[in-house]
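A single structure is presented below for examination.
The first chain written gets the first letter, and so on, giving A, B, C and D; residue counts start at 1 in each chain.
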Amino acid sequence: MIIKIFTTGGTFDKIYFDALSKFSFGEPIIGELLVEANVSFAYDIVTLMQKDSLDIDDADRQLIRDTITAVENQHILITHGTDTMVDTANSLFDIDGKTIVLFGAMQPARMRYSDAMFNLGVASAAVQLLPPGVHIAMNGQVFDPRKVHKNRAKGRFEANCD
Amino acid sequence: MIIKIFTTGGTFDKIYFDALSKFSFGEPIIGELLVEANVSFAYDIVTLMQKDSLDIDDADRQLIRDTITAVENQHILITHGTDTMVDTANSLFDIDGKTIVLFGAMQPARMRYSDAMFNLGVASAAVQLLPPGVHIAMNGQVFDPRKVHKNRAKGRFEANCD
Amino acid sequence: MIIKIFTTGGTFDKIYFDALSKFSFGEPIIGELLVEANVSFAYDIVTLMQKDSLDIDDADRQLIRDTITAVENQHILITHGTDTMVDTANSLFDIDGKTIVLFGAMQPARMRYSDAMFNLGVASAAVQLLPPGVHIAMNGQVFDPRKVHKNRAKGRFEANCD
Amino acid sequence: MIIKIFTTGGTFDKIYFDALSKFSFGEPIIGELLVEANVSFAYDIVTLMQKDSLDIDDADRQLIRDTITAVENQHILITHGTDTMVDTANSLFDIDGKTIVLFGAMQPARMRYSDAMFNLGVASAAVQLLPPGVHIAMNGQVFDPRKVHKNRAKGRFEANCD
């Protein structure tokens, strides 16, 4: 079993770029985190895009769908910005035979203090333990994308009708 | 659902104590990590002991068993040293109706570079997703304690007969 | 001797603000760093402003001058964005009887990997060791502001006519 | 000017060695810290020994003396355990023409929370700003080794007759 990891950008991979006094995307950091985590499962990382999820459009979602469908792997992790993670997740529901887990972070992995590493742990467990389907792993929980939303004010994901 | 977290010591909670030029146990750090992780599940932390797992004996295991049995919680996380985590896990198999996940770390959570936060993520997912039983969450995988051992040379957990 | 520390913003104090997918200013972090550094000198921190140094104008520089002149302290540290640190430093040369050291960071102190803490150490030493005058402490060196510029391409400060 | 850096061990370079459930010496980390610090001065690192300073004896001190005397560099930094840093510093006073600064840390540089990077900053400034002689840089201050002691209870260096 090889877990396929697709990175799409989002807060997870942000770096601080002094010359512009702002945050930009850095090289996906997830490979370094998996080494630090001392994981023993096999994985393969592919960068599909580097975008804030507010900038992810239908064409991007089509690319994500097509790539997931095209690979043989049955266990898929996707790092994604949190703002439209639910939308992307819900666009993947008709893919058969694969366990797909989307996750991201509220603080870049490169910050001293961040939820990124923890979320990676939650998602890594979820993708190995759950049956085929699409899930979101944030805030220490695993959600059905059809029944969750990001509470922007609180900066966390919550089940609908909470 | 409130996840009950029992800490027993191990590498996870080690601090560096300059006056002795050595590592000792510090206050359990797991509460701080869960805040950093921005989790939204409810939990309650209890420190049972602070020991290297090579020093955990039958009386200690009896205490761990009795405490798990006594609480109402059905979802139990246990931080534990990695050297005898398998032994402790295997001593808990006859507890009914509870999902119990043991985990620890090869590098203290207080190190700049550590597997602790990731392992906490894996275990947090496992304890919510798995049915009643006992599990070990290390190296990004969830193991049946009856079929795993710590490979000391490699510093990682491996399924038996690998 | 009490070292007076004025914070003006800059990269040093940047935080990541997920709701805006960008970096903003957080509460000045220098107090926390000095505790982590285990310093035994006395200091007092005052936040004058929170600006990128490209936004610091003559009125701001006048405020910085006037405040330094008004306090009794003879040892002054100033955290400042790197883009116009030289300009601010050069505007302070006619203040008598005070050792003034400006410093900042190319990576926010809140990043896992940052020059902020090191720069604070260099500046802390410089302000205690140097005679009255104005200095810039960056990249592990102490510069005369009249003879230094920020090499933006290389992201570091260099003596003029290098 | 090339700063010569001699490492002798001490808390600064400690790592956690899980197999022994204890701290040991790791490869000197100071080179990595200087890269993180984005320094622009030239330096050269030599590992003389890796010892807790309580284990540093007269033969070791002789080695340190002889090596400092033998090199051409006039600017010397020495990382050293804090317990006998004063003793080693005081054994170097009759070396002419060199600015020698000893420093260390109360928490290993590899900890998330450490004074190591800050102390490196203080020492880097001190070795460039001070005239020939021997100095200790700890707790944000630069001390004359003949007039300082380590207050073990408080875990900090203090001038004598404070």
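What to note about this one:
Methods note: a contact is a pair of C-beta atoms (placed from the backbone, for glycine too) under 8 Å apart; a residue touches a chain by one contact, two chains touch by 3 or more.
Note that this is a predicted model, so its numbers are computed, not measured.
The chain with its Cα centre farthest from the Cα centre of chain A is D.
When chain A is laid over chain D using CA atoms, the rotation angle comes to 180 degrees (nearest 5).
For the pair chain B and chain C, the distance between mean C-alpha positions equals 44 Å.
With each centre defined as the average position of its C-alpha atoms, the distance from chain C to chain D rounds to 26 Å. The multi-chain contact residues of chain A, meaning those touching 2 or more other chains, are 106, 112-113, 155. Pairs of chains that satisfy the touch definition comprise A-B, A-C, B-D, C-D.
By the touch rule above, chain B contacts chain D in their complex via residues 11, 14, 16, 18-19, 21-23, 52, 54, 81-83, 106-108, 110-113, 152, 155.
Contacts from chain C toward chain D in the complex involve residues 33-34, 36-41, 106, 113-115, 117-126, 128-130, 137, 139-142, 155-158.
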